[in-house]
Amino acid sequence: MKIHLWLLFLKMTLKILLGELMKTIKKDKIAKLLDFLADKYELFAPTSKDGLVVSFERIEEGKQAKLRFYNSNEAPKKLFFPQSETLFSYSKGGRETVPEPKTEQQRIIFGLKPCDTKSLSLLDKVFDTTDFKDPYYTQKRGNTIIFTLACNRPQSSCFCTALGLGPFLKEGADVFVVDLDDKYLFEPITQTGEDLLKEIPGLEEAAEKDISYAKELAGGAEAKITTKIQLDSLKEKLDEIFNESVWDEIHQKCLGCGVCTYLCPTCHCFDIVDEQVNDKGKRIRIWDSCMYPAFTLEASGHNPKPTGKERMRQRIMHKFNYFVETYDEIACVGCGRCLRNCPACMDITKVIEQINNLK
Amino acid sequence: MDKKAGNWEPKILAFLCSWCSYAGADLAGVSRLQYPTNIRIIKVPCSGRINPVFIVKALQVGWDGVLVSGCHPGDCHYLSGNYYARRRFTILNRLLEYAGIEQGRVHFAWISAGEGKKFAKTVGEVTEVIEKLGPATRLVKAELGNGKKK
Amino acid sequence: MKNPYLPIPVRLNKVTLENEAKDLKTFDLAFVNPQDAKAFKFVAGQFAMISINGIGEAPFGIASSPMNGGVLQFTVKRYPRGVLTTALHNLSVSQVLGLRGPFGNGYPVKELESKNILVVGGGFALTTLRSLANYVLHKKNRAKFGKLTMFVAARNPGEMLYKEDLEEWSKRGDIEVIQTIDNPVEGWKGKVGYAAPVLKELAPCPENTYAVVCGPAIMIKTCLFVLFELGFPPERIVTSMEMKMKCGIGKCGRCNIGSKYVCMDGPVFTHKQLQELSGEY
Amino acid sequence: MMDLQTKLREEAKRLLEEKKVDVVIGYEDGSMALRTTPCFVKDPRDVERLVWNALCENNLAKYLIGRTNKAAVIAKGCDVRSIVVLINEKQLEKENIIIIGMPCAGIIDRKKIYAYLGGADVKQANIENGIINVKGDGFEEKLNVHDFLHDSCLACRYRNPVFCDILVGEEIPEVEPKDEYGKIDQLEEKSSKERWQYFSKELSKCVRCYACRQACPLCYCKTCFVDQSFPTWFGKSTDISDTFSFHLVRALHMTGRCVDCGACVRACPNNIDLRMLTKKIEKDIKELFDSEAGLSIGENTPLASFSEDDPQDFIG
């Protein structure tokens, strides 16, 4: 069995090295390709109603997709972990019923950015555990093929490279797509991706110059991201400064809203509430935010995180210390959404810098 | 109540001040005045007690109409409760209409303890208006399970 | 795949009023389906989410012994602002509600074997301690453990929980029960005084002994101080934590103390572990 | 503007040096182009951090609530009005704050610039003499600041602080806003159903992050009605009926108090035009009770007062 896997791995690597599996398609044919996918799969792609705010939505036709975009305003985590999701419904006196998955049909998300693709592997660590597997998340996750679209034009607020990730990171993708100006380059990353590419009609073999151009674009994109974060010993530093007064300063401009956590692709905290109208009810889970006072408020009135200071500390610690302690990775992918949308223009990279600079 | 079926009857929630309007309703009762049975009453100490959130909530959970009633201006048991309430209702009434809640879902009336007849007449009129409007749909929380989700 | 969010149906069999203030009740919950009863295996110190449809869920420590099959007991204090505790207190016998669990780590019973156990409990935090005591006292288990001492503190006799258990325990020779109340009351046979000074006076021997402490924050704090003085090392002082929870399975992200989730890594921690954590509880 | 900035820094420095205040709350450059961020200066040597320009959008009155030390706050015309409301509602003590009033000709709505540029990423921006120069990959544009002001600024009647301890610079002429209630009047013309559809569509963008509430200086309730659990007034999900109800009631709570500073709209990550609700109430309050919020200390809010001959034609 092991040898078999090794051989497979070797074969894949060789094929990729040889560029044999890489495909391209002319830009004017991409809508057709998406039509083909939308026909066989439940297809999600970046769309925009007003031409400015981009959001990942279900599309029926390829032309609905807006593939030249910076990134979606809301993180695509909502496709796996919706803002509100019914856990079960019930009627008075009756038993609970769990909603059936909306469709058995496989889903494809086309155009996920590398940072958001990476965020899914972080969410997996929380939801796809051996002891208590989350059925709602894992069902959708297992049912979805991901086409990651390389990020040729990182924004000034992006900082994925500062976290050791990058605008051309392939981790988590089934197929990695690069925009080559006049065409798209497709690189299968997983077996699923490879098989799927074989199905798609109209793909051409990638030429040597396509592959080298993609490499050039990758270099250019990486160079655009200039934010640096000192990650060495950050975790230890955070351990040391837990009780320091610096948190009083850090939190003071925070307004205590949930923008950063709701738009964050890695924030996974949720609340479970019951909603009932007359005899019918349901238990739903909804996104929650550690920035809200009610997040940890107990019925007795006691709150272990009573002020903005503790709550801000929780958010930073969770991402850069607790998550690292538990799962060995930082729970931030550098997408910059919190930074772009914070009403007080709070910059998480500056917060980390401030912490790192503490004596 | 099946709203689609032809035998739909409006459900109307009334907030009545305990000193005047509730007593007015009582008088209507002891005077054996006829008025529609679509109304359910919540007694409140004063019209000034009625938080606008009560009315929004009533519409949200599916009442087809709301009637709010208190003492006539100048007659408030607490001297000025209804004056304050009147300003609040003015703004609420305008805002609800502006936001697209049909005119006629929410009614206001001054009814004194002696106005049993007025109470019966008001309930009759309110019921008629709401019957004409039909079942409430706007702002109503959708049937659970097939929710009007985002 | 088992859905960890789906409650197991249980029936409310019995409600026992525990105190004079009438805000503490013990609820006996029996599994509706026999296979659920069989599958529900737990360790003293673990907790479960009690679920009432239309109201919600909240975590409670299991107060009955793991040796009592089929019926679980929970002692719950009603808080005026507690939506679920209020609804629970208003339920009537034979109503069906839900349960999710067991969750958490429970007391380190394997480690406690062959050791002496000093249980220090105050107020209504006695719940899982009672589960532990009754587990140890079970005839199949008693021989595995050393001396068992129950030190129980309450504001006044009326607030003393589990009066039947206390009476039964005091009749047995294999458990020492010491009770204390804050102020003298006529007819009271136990000790009088706050938990810490009385504990100090008793001066239990730390040798080969684990102290299991649970109670109001101030009582834990003062008793810990006494225990340290007496020579109990922090790794042999065990306590059970509480925190607001929603999922109980380490996902909803709110019950952490530092990097540890109370629902998964706790609720039982040694004092040594807590010293290393943030102290945010 | 530079001139005002220098004066502002001088004032801040003096206040800190003379120990009149413990902190000066102002603005400094944000880490993104087109943004400033609130800043808290405690040391007179740090006053150089303070900036004043057409990007100083936050309403800093929010940071005064519950403060235990003495603070000076930089406040535009609208910000001052919200401070006045806070003083009148006994949330602030006038003696504990020093208002550094700034005459303000309007604040840039960066989202209007993004829209104009077709969503391009602005990497650099600087303002000089009413012209903003924006740069990004492959573009550079000079734009007139006045073409990209917030809607709330376009409707502003109080560009100068109605009240302050220190006025930085000279008062600027007030201007009569053009078509102040234009969008509201237009909506009022529409049918009930169209209005319903308009708000349903707008409010369906809400993600319940409560940025509007948190940014609003007048939303200071210890527990917001929507967070109450006993009773729970409205659901917490993004069900349109819940979000609609939340925004309706929040707007009602703003009755006669909202100073139209626009903080809620700016905070919203999904660009919901919440002013369509609050401004409507403001319009009604003005028309019905001849009242405007936050103009003088000691005034009563319209809902905390009454007149015996208030209109009541809608009451049967």
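For this structure, a couple of remarks:
Here the chain labels run A, B, C and D in written order, and each chain numbers its own residues starting at 1.
Operating definition for what follows: a contact is a pair of C-beta atoms (placed from the backbone, for glycine too) under 8 Å apart; a residue touches a chain by one contact, two chains touch by 3 or more.
Fair warning: this is a prediction, and the values are worked out from it, not measured in the lab.
Common neighbours of subunit A and subunit C under the contact definition above: D. Annotation: B-D is the more contact-rich of the chain pairs B-D and C-D, by number of C-beta pairs in contact. Taking the mean of the C-alpha atoms as each chain's centre, subunit B and subunit D sit 35 Å apart. A separation of 48 Å divides the Cα centre of subunit A from that of subunit B.
Distance between chain centres (mean CA atoms), subunit C to subunit D: 51 Å. Shared interface positions of subunit B, i.e. residues touching 2 or more other chains, are given as 141, 149-150. Residue numbers of subunit A whose C-beta contacts span two or more other chains: 83-84, 271, 273, 275-276, 281. Looking at subunit C, one finds that residues 81, 83 touch two or more other chains. By the document's touch criterion, interfaces exist between A-B, A-C, A-D, B-D, C-D. Those residues of subunit D lying in contact with subunit B across their complex are 187-188, 192-200, 204, 225, 233-235, 238-242, 244-245, 248-249, 251-252, 255, 277, 280-281, 284-285, 288-289, 302-304, 306-308, 310-312, 314-316. Contact residues of subunit A toward subunit C in the complex are 87-88, 90, 95-96, 98, 126-127, 129, 131-136, 138, 242, 268-274, 276, 281, 283, 285, 288, 290, 295-301, 304-305, 310, 314, 317-318, 321-322, 325-326.
Across the complex, subunit B is touched by residues 83-84, 86, 89, 275-277, 280-282 of subunit A. If you check the complex, the residues on subunit B that touch subunit D are 52-53, 56-57, 60, 73-74, 80, 83-84, 86-103, 107-110, 122, 125, 138-142, 147-150. By the touch criterion stated above, subunit A contacts subunit D in their complex at residues 51-53, 69-70, 73-74, 83-84, 153, 155-157, 224, 249, 252-253, 255-259, 262-263, 271, 273, 275, 284, 286, 289, 292-294, 339-341, 343-347, 349-350.
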